[in-house]
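After the C-alpha cells below, expect a handful of questions from me.
In order of appearance the chains are A, B and C, and numbering begins at 1 in each one.
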C-alpha cells in the first residue's frame, strides 16, 4: 500500500520539506549580490538583523492587522450571506454562482480592478466624493487608510469561500431542531444564537483556520494594488521577503524573513488557540 | 468438497473475537451460524472468506490448508448483507466483472452470465442499475454473482435481513434449492433462529466468539448443551425455575401441562398467538410462561406440572448441561 | 419577503458591481476614463479590446498558456493523489491519522513563503520558462488538499463493495480501475476543478518561474499591463484584458457550480 503513497510523499517532500530545510540552511549564510551569490556562513547575523529590522516588525504588525481585520469581517459577512442563501427563494442557484465568482477569478485581475476603483482622481469613489462636494480622501496614497482598501479587496474576494463552507454547515443542521425550538416558544433570533451558531462552530473554525493562513501569506493583492506603499504601510511579510529576494537580491535575508514569518504564524496561532481555550473555560 | 475450521482464533486489541472455533461443513450441507449480534458469526464468515486473517488456527477446503491463501484466490461465493452490488454498473456488468478479472474470453463471459441470468430469471433486468431493482431482485443478482464464481464454498451473510417478512418466507425454498444444488458446503449467517432452522441442516450457536453447540435443529431444541443455547433456541423462551437449588432447572413453555394438585399459579398476562395462547403465570418458582391450545379456557384455580424427563438441568457455575 | 429581496440585491450589488465597473471601463475611451461622469462625444470604443488582441504576443496566447498549465497540473495532481488517497484509507489508522494532520498542515501552509526555494529548484533543475514544468509545483502544492478530499471520498464507499470485488478476484489495480475510481468520480471532478482554478490563478510562482513574454500565464500578463507604465496604469486596456481573461472562469463557475461547492464544502467537513 505504501508505494501508492510514495509519489505524493515525494512531491510533498520536494515542495514543503526540502524548501523549509533549505531556508534554515540559507538563513545562516550570507547569500546576495554582494557575496557574488556565493554562500558564506554568517551564523546568526541574518537573525540579529531580522530582530533589529524595524521594517520587519512593522510588516508583521501590518500583516497581523490585515489578517485579523479581514478574517473577522469575512466571517461576519459570510454568516449573513450563508443565512441568506440557506433560505428558499427563486433564482437562488444563479445568485449562488454569481457569489462564488469573486473567489474564482485571479487575484491579480481584481487587485488591479480595485486599484482603478480607488484611483485618485479618476476612480468612481473619488468621483462620487468630489461630486458630493467633499474633499478628496486619496485612499491609496494615505498611509493611515490605504491598508483598509486592501482589506476591502480581500474581503470582497474571499467572503464567498467562507460563506459556502458555512452554507454546507447550515444545510447539515436538521430542520427538526428548529421546529422543536419553536414549539418550546423560542424566537428565530434566539434560534440563531442557541442552535445555528453553536452547531456551525466546527465549520466556522475550519473557515477561520484556512482563511487566517491564506491572509497571513497575502501577496498578489498587495503587490498589485499598492506595491506595499505608501511608505510601506500596506507591505505584508510575504511581499517584504519577495522584495528582498527579487529586488535587493539578498536571498539569505529573504529566507530568514520567510522562516521568521512562519515562526510568527505558528506562534500567533498557538497564542490565539490558548486565548480561545481560556475564553471557553471562563464561559464554563 | 468439505470445509473444515480447526481451532480458529482471532484477537483484536487483546479481545477475543473468535475463540478456539472448530467445525466441519460437508459437501452440499448448509450450516447456519446463529447467535446474537456481536457473537462472532460474521467475523467467522470473514475469516473463511479470507477478508480477515486469523490470529491462530487453520481453515481447510478438501484437506487443502487455505489459511494463507489470499481472499481473491480462495474461490469463495459470498452474498453480503448489503448485497454489495457495484452501484455504477448494470446488472450485466456487475456479473461480468469477476469473469473479466479472470480474463475469460468474451464469448465465454457472455455465455456464463446469460445462463446464470436465465437461472435467476433476471434476463429482463440485465441493463438495469442496482438502484432500479427491488430488494428481492438485488438479492438474486448478488446470488448470481456468487454462482458465477463457481465457488468451493458459499458464504451467506444475513442475506434475508433486508427483505420484508413475507418475501423472506417466499424466497427461502428457492434460495435453498439454488445454493444446495451445486454440492458445495454452505455457511449461512443469521440471527433469526426460525430462518436458521428453515435453511440449515445443522446449526452452530455462537456466543462471545466461541461455539456453544453444533447440531441439528432438533438436537439443539431437545438437548441444549448450555443454558445459553436453551434460552436462544425455541420460542417462547424457556422458563428458568427459581428453585434455590445448586443447579439451574429449565422447562420449555410447551412442556408444561395443567395438572390437578400441581403447582399453584396466578395468571398475570394472556397473549394470543393464533393456534396457541401464551400464559404468564406467577408461582413459587417465579414467573412461568406456559403454552396452551388456544381453545382452552382459563380455569379458576391454575395448577400446573410437567414430566421430570422434560426438565433441562444446567450447572450453576458454568451454565453447562448436567446429565 | 420584501426584506429578503432587499438583502439579495445588496449581496448581488456587492459581488457584481466591481465586475460591472470593469466591463464599463473596458468599453471606455481614454478621455472618458479620465472623467467618467461627464458627457463626452466619443465615450464608447472597442480600441481597448483591439489593442490587446493585436498585441504581440496576442492576448489569447496567455489564455492558452494558462489552459496548458492548468490542465496538466490538474491531470498530474489526480494521477498522484488518487493512489495516495486510496492508500491512506487502507493504512493503519494511527499512521493515517497523523498523515492526515500533516496533509492538513500542508494544505493550510501559506505557500507564498516557499517561492524562493521553489525558484532555486527551477534554476537548479533547469525548469524555468517551461509551462509543463510550472505544473509540477502547482500539482505538488495542490496534492495535500486533493489527497484529503479524495481519501474522504474513498472512505465513503461501503467497505462491502471493495470486499465483494476482492472475492470476485479483482486485484488492487482492477479494483481501483473498475470499481473505486468510477465511484469517486464526483469528488474527482470537484478536486480537479479546485486544482484547475488554483493553477489558473496562481501568481507568485508563475511570476518567478517564467520570464519569456510568450510563455507567461494570464495573471502575470495582466500584472504586466499594470507595470508597463510607471506613472499611470492603462486601465482601459487592463479592463479589456480582465474581461476577456474572466470569461473562461465565468463559464467554469456557471457550468461546474455544483462541483465547486461540493469540493469546497467537502474540504470543510474533512477537518
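As a working rule, a residue touches a chain if its C-beta (ideal position, glycine included) is under 8 Å from a C-beta of that chain, and two chains touch if they have at least 3 such contacts.
Values in this document were obtained by computation on a predicted structure and should not be read as measured data.
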Handout entry: Contact-connected components, subunit C excluded, all else fixed in place
Key = A | B
Problem - Farthest-lying chain, centroid of Cα atoms versus that of subunit A - result: B
Practice task
Report the chain closest to the protein's overall CA mean, measuring from each chain's own CA mean.
Solution key: C
Practice task
Quick one: report the Å distance separating subunit B from subunit C, using the average Cα coordinate of each chain.
Solution key: 55
Practice task
Round to the nearest whole Å and give the separation of the Cα centres of subunit A and subunit B.
Solution key: 60
Fill in the blank from the handout: subunit A to subunit C, mean C-alpha position gap in Å, rounds to 17
Practice task
Enumerate the contact residues on subunit B facing subunit C in the complex.
Solution key: 49, 51, 71-74, 76-78, 80-82, 84-88, 97-98, 100-102, 145, 149
Exercise for the section: Going by the contact rule at the top, pick out the subunit C residues touching subunit B in the complex. Expected result: 158, 160-161, 163-171, 174, 178-179, 182-183
Handout entry: List of subunit A residues in touch with subunit C within their complex
Key = 1-5, 7-9, 11-12, 14-16, 18-20, 22-23, 80-81, 84, 87, 89, 93, 95-102, 104-110, 112-117, 119, 122, 124, 127, 131, 156, 160-161, 164-165, 167-169, 202-203, 205-207, 209-210, 213-214, 216-220, 223-224, 238, 241-242, 245-246, 251, 254-255, 258, 261-262, 265
Fill in the blank from the handout: Contacts from subunit C onto subunit A in the complex sit at residues 4, 7-8, 11-12, 14-16, 18-19, 21-22, 25, 33-37, 80-81, 83-84, 86-88, 90-91, 103, 106, 108-121, 137, 139-141, 143-144, 147, 197, 200-201, 203-204, 208, 218-220, 222-223, 225-226, 233, 235, 238-239, 242, 245-246, 249-250, 252-254, 257, 260-261, 264-265, 267-269, 271
